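First chain A sits with chain B, and in the next complex the same chain sits with chain C.
Now for the complex of A and B:
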């Protein structure tokens, strides 16, 4: 019984750490810009397809394909910011960029559907079948180990970047108060661009690692992104630590709900949790002071 | 129809003529399109108009970004159908109940999310839509899950004395029914937004804190607007079920919410005519592009993005610009009257 629980725990952490990667991107963008990027989902999907084509069409190494997906994601992030968010920033609308990125998302999903077709791709990572046996009949596949290690390293790197580097500090300064940061000689536009590139790079590499454990279709990212939204809200919009905790928690909850209740009900559990969170504590697990302009 | 008489008595002469033209166009359409494929599309158009109008009342007039409109559509469809099938309730009572239940669900979500604004409401309503879809999918004993409900009957025949029986299995009659209701809702919303209620909603949308300082109960009005909009979605759902005859949960995914949002934005958010044109255009255009297969949805996404970037007022704004360029005097459109 305990081993079953621990095994589910491992699965939960695998999915949880990928959710964290995707949700961190959303929360970074929200922190700096107070905007939601719906096309984030499709950057995940495109990252997965980039890794797939690199590995199976060009015969590349799977681990290298994660790097490729990261770069593809970064490029897309730059593009989304330059094409959508930068031009709309002057209008100062809260909702227009969100709606525009829904349009971008529909566009990208159906363009992928056109090129890649609706049939799921079999993304067999060479590491999916190699198993490390642990005690008590528990096991972990190399693929899952790679996911946990790469995600943990990436998250640690990002955390260190935000806390200790000059650029990370500048980024947080822009998030706190864009105008004052501008007065201190920080170029907010460059940092917003940087945020998009980092956020989307995370989404791209998240996609490369999700590809082998999800059903890879042009719509794969959508199922992940709605959970990422829930995670971002549960953790507190714009809050990195809260997002990490909430992401792992959602991964674990999902994993145990699948085991204990019914796989079909996992989404209901996660989103009921989201609505409860919004009712009880809309600021998220870790509240961040944000001044409201009245 | 009694609503016509009321309209003709309204003070604005120009609007009266436009509405009369609309009635004539609706009356002629099924005669122009004789084949069943295009007649079915006409009905889908009328249903989408109803949905888009309801969504725009929540989004454009009350300023609440609702990404869960598909949920209210689904609640209306399933509630009315299940009442008819499981409890043998007559269609029109089930129709009213579906509308009421959708409206109540909308009010509940709005009341629940009353502290939330903008993005938080968007995500909360998205979450609500996911939950409703999953419940429809998983509550198999009630909804039959992904297998769906089949052989749903059209609305009952109307037999008026001295006239031939009106059967709604005839698509032309079904179109008149749905379009008639869409027209009725349009007139209702038109009266509403021109009344002080419309101004109250505009005040809340533009600046909630200032509105509250004038003694406006913002919560009550936002809940009211959400309830109205989702009740319209419920009506559309009941018509959808009785027209298509089958119900599957996948008709009510969040993609449907996004599609409806696209109609409102492309048509022109915050106007009454906008969602009507947006719904018609974005229902008919994909059908015309059907030969291009999946390309049509690429066009859909591109249209939504480009409109937000370059023409945030949608078709209504485009028409206004075109009128100004052609040297017509600015005509009092819905948006014009509001500002």
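Now for the complex of A and C:
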């Protein structure tokens, strides 16, 4: 029983790590723009397809494909912000960019449906079926090990960037009070663009690592994004540390709910937690400080 | 002279027109409109793509000479393998296209949702891929099903598992849909009545991505002989791989045998790889069947699409053949198509034979073919039916 519990712990950390990568992008955008990006899921999917085609069509290395997906995600984030969201923000409406994210999401899904077709792709990385047997029947695939290591490194780098670099501090300043940050000489538009690029890069990278795990179709990202939204809320809107804790917690909760209850009930467990959090602590696990203009 | 030539041309054209009008079978100006409600988007969209191929091939072949003076025409709507979009698609199809007969859906939940609309519009619905018992029991007079329902399939699979595979323990894995729950329940009831034991009953939503946790749970249950699995292709792939990684199934060095249904398309084994070793599943079409209708279908399908046909292609092809058979026997509008279809007996198609009972369920079991996946990922026909 102990080994089963430990195995479910490993399973939970693997998926939790992926949830964190996807949710961090959402929380960064929310933190800076106070905006929900519904197209984030589709950037995850595009990242997965980018890694798939790089590996299987162009014969590239799977590990390199994670970098490719990161760059594709970053480029897409830049493009979508520059072409759609930035012009809409300039009009001063908060609702228009939100609706635009839904439009971009539908557009991307249908474009992928047209290009890639509806039939699920068999995206197995060279590491998907290589299993490391551990003590007591426990196991981990190389793919899952890569997910844990790459996610941990990425999260650590992002955390360091946000905490210790000038640009990271400027980002946090914009998140706290965009107008005052502007008065201090920070260009909010550049930092908003940077936020979109980083968030989308994380989504693309997450997609490359999710691809060999989930069912790769043009709608693949949507199955993860619902959980990612829940994680952002549980962790505290816009808070990086809270998102990391909540992401790992949701991954672990899902694994243990599968073991102890039924996988069909995992969503009920996660979303009950979400409702409890909203009722008891609406600011999430760690409340993000935000200036209020009075 | 020029005037005479013009008059002559008009005369010739008029003669052709009159001749054509007098020979409706040749002109095929009468049309039977066939609506198709299939998933073109979402996780079940591989059904729609393959259904469309089978339907278009059959229509193309039949229209070369016409069917009892009628030309067949098809139009599709995306019903997305889900009740709400299926209902909307059915309404669009009925209101705008006004079909004489409708084919679809593949997913039981979607089929159950569109059945009342078809009954209300008095348009026959011919289903080939849904397994929920509710579709024909109680069903309605306007819905017909070619494939064996979940009870027929489930009893057969459970009996074969117990008697031919000597299975005594099973774990049920299924998506939480009408079809998934229904199929799993029938298997469980039959298997238990024979003396078998269900060690775990594991249902999950279509949004579940990570099956490692489920495989870990199955691995912790001890000796599991068979794992009946009821999912669409995408989740099915990941389950099969996760079970192999956890060392549960033969593909991962374990002893358990996964049992599957017609939900999975051809090519599943190639996508799943070595993990699919020993997988036993039923398909609706046996490509090594020597009957002329089967071999003709395979030849013409390869010629048109340059690929091997799947059982989804085959049952879609058969749906059109059944409709054509009804038209040959006098079907000309929705009411007569329904009435004549209900009397279908001894129809022989690519997937097997068709004979509808009082509830419009095909009673023939020869549409089920058991296949086992070999180490080279090819199939061995088990010949259990």
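Rule of thumb we're sticking to: the second predicted complex is superposed on the first by the 286 of 294 C-alpha atoms of A that agree within 3 Å, B and C clash if a C-alpha of one lies under 4 Å from a C-alpha of the other, contacts with A are read in each partner's own complex, and residues count from 1 in each chain.
As a working rule, a contact is a pair of C-beta atoms (placed from the backbone, for glycine too) under 8 Å apart; a residue touches a chain by one contact, two chains touch by 3 or more.
Computed from a predicted model, the values in this text were never measured in an experiment.
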Quiz item: Looking at the overlay on chain A, is there a clash between chain B and chain C, or do the two fit?
Solution: clash
Self-check item: Which superposed partner A:102 touches (first chain B, second chain C, both, neither)
Solution: first
Quiz item: First (chain B), second (chain C), both or neither: which does A:136 touch?
Solution: neither
Practice problem: In the overlay, answer first, second, both or neither for which of chain B and chain C A:87 touches. | Solution: first
Quiz item: With the two structures laid over each other on chain A, which partner does A:215 touch: chain B (first), chain C (second), both, or neither?
Solution: second
Exercise. Examine A:267 and indicate which partner it touches, taking first as chain B and second as chain C; both and neither are also allowed.
Key: both
Exercise. Identify the partner contact of A:233: answer first if only chain B is touched, second if only chain C is, both if each is, neither if none is.
Key: first
Quiz item: With the two structures laid over each other on chain A, which partner does A:14 touch: chain B (first), chain C (second), both, or neither?
Solution: second
Self-check item: Which superposed partner A:126 touches (first chain B, second chain C, both, neither)
Solution: neither
Quiz item: Looking at the overlay, does A:259 come into contact with chain B only (first), chain C only (second), both, or neither?
Solution: second
Quiz item: Residue overlap on chain A between the chain B contact set and the chain C contact set?
Solution: 113, 226, 262, 264, 267
Quiz item: Any idea which chain B residues touch chain A in the complex?
Solution: 65, 112-113, 115-116, 118-120, 122-124, 126-128, 130-131, 134-135, 137-138, 209, 254, 258, 261-262, 265, 293-295, 297-298, 300-309, 312
Quiz prompt | Footprint of chain B on chain A - complex, ascending | solution = 30, 34, 36, 84, 87-88, 91, 93-100, 102-111, 113-114, 222, 226, 229-230, 232-233, 237, 262, 264-265, 267-268, 271-272, 274-275, 278-279, 282, 294
Exercise. Using the touch definition up top, name the residues of chain A that touch chain C in the complex.
Key: 1, 4, 7-8, 11-12, 14-15, 113, 117-120, 122, 124, 128-129, 131, 137, 139, 141, 144, 210, 213-217, 219, 223-224, 226, 254-255, 258-259, 262-264, 266-267
Quiz item: For chain C, which residues are in contact with chain A within the complex?
Solution: 39-43, 45-46, 48-49, 176, 202-210, 212-214, 216-217, 219-220, 233-235, 237-238, 241, 244-247, 252, 270-275
